[in-house]
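Several structures are given next for inspection.
Here subunit A shows up in two complexes: once beside subunit B, once beside subunit C.
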Partner chain A sequence: MESFITELLTLLFAALRSATPVLAVVLGESMTQRSGVINLGVEGQMLLGAMTGFAVASITGDPWLGVLAACAAGIALSMVHAVLVLGCGANQIASGVAVLILGGGLSAYYGIPFVGDKIDTLGNLNHTFVSDIPLLGQFLGPITPTVLITLLAIPVISVFLFRTRTGLRWRSTGESLDITRNLGHNPAPYQLAAIAFGGLMSGFAGAALAVDYTANWVEGMTAGRGLVAVGLVIVARWNPWYALPAALLFGASEALNLKLQSWGVDISPYLLATLPYLIPLSVLILSYRGLRASGGGMPAGLKVVFQSAR
Partner chain B sequence: MEIQLYNITKRFGEVTANDGISLDIRQGEVIALLGENGAGKSTLMKMLFGLYPPDEGSIIINGHETLIDSPQKAMSLGIGMVFQQFNLIPALSVLDNLLLAYPKPPFWTFRRLFGAGAPQRKVLAYLEELAPGLDPNTLVRDLSVGQRQLLELVKVLNLDAKVLILDEPTSVLPPQEAERLWGLIRKLSDAGRSIVLITHKMQDVMACAHRVVVMRSGRLIKTLSREDYNEASLVSLMMGDSNRRSEIDTTPLPEVTGRPPRVLIRNLHAHQGVQSIDDINLNIGAGEILGIAGVSGNGQLLLADALVGLASLTRGEVILDGITLHSASQAPKTSERIAYIPEQPAVNAVAGDLSLTTNVALSHFRQLSFFPAWEPEETLTLNIIHRYQVRPDNPALLAGQLSGGNLQKLVVGRELHGRPDLIVAAYPTMGLDAGAAHDIYQALFAKARDGAAVLWISEDLDDLMAYAHRIAVLQGGQVSGLFDPKTSNRLDIGRAMTGEKKTTTEHIPTPAEAHPRTAS
Partner chain C sequence: MKKTIRTLLASSILAMSVQAAAETKVGFIYVGPKTDYGYNYAQDQGRLYLEEHMDDVETVYFENIPENADVQRVMERMVRSGVEVVFPTSYGYLDHALKVAEKYPEVHFAHSGGLKTSDNLMTYFAEIDQAMYLAGVAAGLTTKTNQLGFIAAHPIPQVLRNINAFTRGAQSVNPDVTTSVIWTSSWSDPTKEAEAAEALISDGADVLTGHVDSPINYVQVAERRGVYSVGYHADASQFAPKGWLVGAIWNWGPMMEGIVKSAKDGTWKSEHLRGDLLTGAAKLSDFGSAVSEESQQEVLDRQASIMNEEFQVWAGPIFSQDGTELVAEGDVMSLEETEKMDFLVKGVKGRLK
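After this line comes the complex of A and B, so read on.
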């Protein structure tokens, strides 16, 4: 019994660590979509962030500089989306896909020299006071700084969005551009900030993956996490608090996949590797049924994205 | 605050919307701007609110000629306007909507985190006066239309408006809520505010206007004070020589005894998104015009979709001439025996990128051959265009190139062509001028005389009472009353529309409570 609980807690904390990059993207994309903009390019931003973060950490030897560089790279690439969508009035879906492919290509090309490099990691909570906590210490120990920062982002975003005036305008922008304009507010700065914040969070997510979680750079290493996150935004109903369970769903499926492989389950590892995508997808489909009936918190402005090519 | 509009003229292309209009608005006065659709009332007031510049003439405020070039400028001068279409975000709370519209926001206001702060109290002050008991954390989507309108009024009052322009405020309200609004208007004017009431309804004028200004086809016909008018004289001033309403020929319901009704709606349940209809039982005889009244959003459109075969039923059935047309066990399908005029036909019933001819042909595409012969379709389209005076009259034009009103006429013509057995019409005359509305009513009711069953959804209770044989009221997705317009009165129908419920949130203040701070 005790070993079962240990096993379960190990799985949960493993899930938390592998969910962190996805969680960061879900948080960023939720904020972007709350302003009425969809950015499908987060996967590309994540890849560019991962490569840049890893490269900077490798060159300077400072992983924290790597994290900062990753955030900057994410923002920079997201500005391509901002220019295309807000500046040129391009179709948001097409622009997002362009950013996705651009990020993949850039990171693959500039990342070649860094494949196989070794970098210093950000460390973890082992050998701090946390690891001395009885019982829980052994689980909290492996927690890394990017996990803590991402978890901390949840209340910060929530307070910003739901308690401040700026957050209120942010939401009104996502609900209706026309009404926001009629009330005398200019929606453009809010959408720009929203795209940039999405870029920041996806760049950070790339660093969490390459600099922190795996300490490694491989071309295309995000393996669809960014796109899964866009789907999980719907499961999380654009709410930062629900983003945590939604992302944990992905993390737990991934941890389960590894667990099943280590138990020697007689299923091809290639099929098992689809679990982290299959399970969130099923939940997405199930929750979308409920969403369609109730409206489910979808910012009304998003409907326009699909209705018009502007 | 005194406002004088002097010799205002406004043209839109060939059309003169306002022709040399002079009008003064005195402090504490309620002016009714009375006229038919398209008479130029809204245009005049939109110029005062800074939405369009006048082509000629001037606006004089407190003796100084003033240029009002934007709504922001108008608001800073103390002029506020409540539009027919509300500027409220349904997904946000009452408080959030009020804060969004508040003009002097601290850049970074934490609210609810440290209790109710000063800005919050200021924003809510008028709300507590006008709608005491309404929880500011309620989402706007859960409010009734009347409550939303109060909220718009609060927004304008929060901006310190001394002149309030209300555009057709009672057209969306059931009679009871309209009465409350009249009371509120009287109180606001007693407190020194001026109110301009844009309306085409006689009841609005009789209930609260100090002066009435009658407009027709862009001209100011006459200004009358309270002592000088009565309902009949206003109607003839507003309509010109003829009162079109009485002209329409609605022959009484033919005797149907012994014959089963053509359409039986049995035990109908359906839901779609947040809308639902429950247990609707209605029947419509041959030649009968069944009016559907109700505050919008109470299931009217879903009922229409369910009858036509666009929404799936969860229970119940629709029977036409003894044959089950739709039931819960079948997937929904449309039938060419049913004509459907949906709401906003320009959006819901035409493809903007196709020609008028193609749009007409699409309504009976099952009868077209694989390689359609277009000449008969074009002839048919031309017939419709001439019969309903669609402008411009070229069947090769793309539908998107026509105005909403003209597309509406085209769709009505297309749907009423032939011999439909059941006609479902949702707000068929909404937004049309009196002449076009009259033509559409005449065509619709002529089909009833030919034996079609007509289900007619309308927001205009006066029209329903004038022409429908029976009126069913929908409230909360259910039939809350069935009325004979000859023997019922408006208030009973209104009570059915609001569902009788007396909620505290719809309380209207007594004179003692409602003394908005005097305009300084």
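After this line comes the complex of A and C, so read on.
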């Protein structure tokens, strides 16, 4: 029994590790979309964040500076989206794809001199009081700061969005630009802030990958996780609290894929590799069956984006 | 004014003379980034070796070229820009290279790892599984749990050779050893590789190795978790000062130099050129401090017996996972057979498909 619990906890914490970068992006992109802007470029922002964070950590020797630089890089690249979409009225889908490709290209090019560098990591909770907790200590100990920060962001974002006046205007911007204007508010600053916050979170997610988790920079290292996160925003219904189970679902399926192989379970590895996509997709389909009429919580302003993209 | 003209004239003559003394143009095509700290990195180190060691050679390269018709266009472009020797370095480039080679009979092609040739297309590779066998010996002598972990990208022959060679090497000194394989379905996905390493370690593996683009990810996780690691493609010892055992690494430079020279002086042969421990195209890295003196000596003795051909890695008996005898005692697998390997040996845990 105890070994069963141990295995289960191993899997849960593995899921949390895998889920963290995705969770950060889901939170940021949810906030962006809550203002009526969709940004498909988060993957590119993650990559630029990962590369910048790793490079700064390598040059300065301080991984925390790396994390800050990653956030700044994410914001900077998201401003390209802001200029195109808010400034020039460009199609949001096209602009997002442009940002995605730009981030991939910039990070690949400027990352070349840092490949194979060794950086210090952010450390973990080992040798703190939590690692002395019986049974749980061995799992809590290895937890790293980016996991904690990302988890902490959930209540903060949720309070901001649902309990403050600014949050209310943020949401109303996403529902209808006209109504927001009629109420005497200019929606532009909210949308700008929303895009920047998405940039911050995706840059941070890149740092979680490159500076914290793998301590390594590799071209294209996000491997599609940013795009998965954009999909998971729908599963999480644009709600920061639901973002956690949605991201954990992805993290758990990815951890399970690897764990089942390590256990030697007799299932084709090709089939197992589809788990991280199959499971969230199934949940999306199931959860949508009852929600079609309401749009599953989609901000009404986003409908315009999808119609104009057609 | 006069001076300017003279300078211009002089510099253009200089430019022409450089042109004249030169320059065999050699072109390289990589399937991934040359900075992957792995397979493509190793090939590119070969290119840099040419730049450094051959005065009359100029190199060009293209990265991230997929294994489809795109690579044909890249090769055509290279040839038209004057490239005389082309190195298509990825396995899946072979059929495309054959087509382009037929079209340009005066250009020489050297494909990495393939098993087909034509008049002006040869192949080169190195039996790095010899080095993986030796790394397995080091792993088998060092492990305490008798469980090894192998993080692998795709089940192609080159990867299977390494898994099997590593396992057989370990079993040769420690019959109880098993190797658990995790497939990541990607040549490069650092997060997945790190997580696969975590999974293997938490299930009891205390030596990790792999065959993905870069060894850095699993080597770092192994170090963090206090277990041993064996590198592949490139030396990653600096990432694991405590747990690094040894690595199997490439050294393409001298082999590529020979190929380019043969194209220049007309001794080119359309053949399957294969390097090994003896030629130095594949070799063991330096040992880490985690390998005891005796174990190091044992590995070096084995290396000597491979080099003087007393011992062959693919000599029978070889058993498949379910215990079926694939190669009888006294038989040895041919080069062709090993390069088409499609099985896992006894003691490997994991499914092929």
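As a working rule, the second predicted complex is superposed on the first by the 291 of 310 C-alpha atoms of A that agree within 3 Å, B and C clash if a C-alpha of one lies under 4 Å from a C-alpha of the other, contacts with A are read in each partner's own complex, and residues count from 1 in each chain.
By our rule, a contact is a pair of C-beta atoms (placed from the backbone, for glycine too) under 8 Å apart; a residue touches a chain by one contact, two chains touch by 3 or more.
Nothing here was measured: the structure is a model prediction, and the numbers come from that model.
Taken together in the superposed arrangement on subunit A, subunit B and subunit C fit without clashing.
In the superposition on chain A, A:127 contacts neither subunit B nor subunit C.
Residue contacts after overlaying the shared chain place A:108 against subunit C, while subunit B stays out of touching range. Legend: residue contacts after superposition of the two complexes on their common chain; A:269 is shown touching subunit C, with no touch to subunit B. Once the two complexes are overlaid on the shared chain, A:258 sits against subunit C while remaining clear of subunit B. Counting the residues of subunit A that each partner touches, subunit B and subunit C differ, and the larger count belongs to C.
By the touch criterion stated above, A:303 is placed in contact with neither subunit B nor subunit C.
In the superposed pair of complexes, A:165 makes contact with subunit B only, with no contact to subunit C.
The three-chain arrangement built by superposing both structures on chain A places subunit B and subunit C 140° apart around the Cα centre of subunit A, to the nearest 10. Of the two partner chains placed by superposition, only subunit C is touched by A:216; subunit B is not. Smallest inter-chain Cα distance, subunit B versus subunit C, after superposition on the shared chain: 39 Å. When the two complexes are superposed on chain A, none of the residues of subunit A touches both subunit B and subunit C. Interface residues of subunit C, counted against subunit A in their complex, comprise 32-33, 35-37, 41, 149, 155, 180-186, 188-196, 198-200, 202-203, 213-214, 216-217, 220, 234, 238-239, 349-351, 353. Taken in their complex, subunit B has these residues touching subunit A: 71-72, 87-92, 96, 99-101, 103, 105-113, 271, 273-274.
Note for the complex: subunit A touches subunit B at residues 159, 163-166, 168-169, 171-172, 175-176, 179-180, 182-185, 292-295, 297, 299-300.
Of all residues in subunit A, only 10, 14, 17-18, 21, 108, 111-112, 115-116, 118, 209, 213-216, 218-221, 223, 225, 254-255, 258-259, 261-264, 266-270, 273 touch subunit C in the complex they form.
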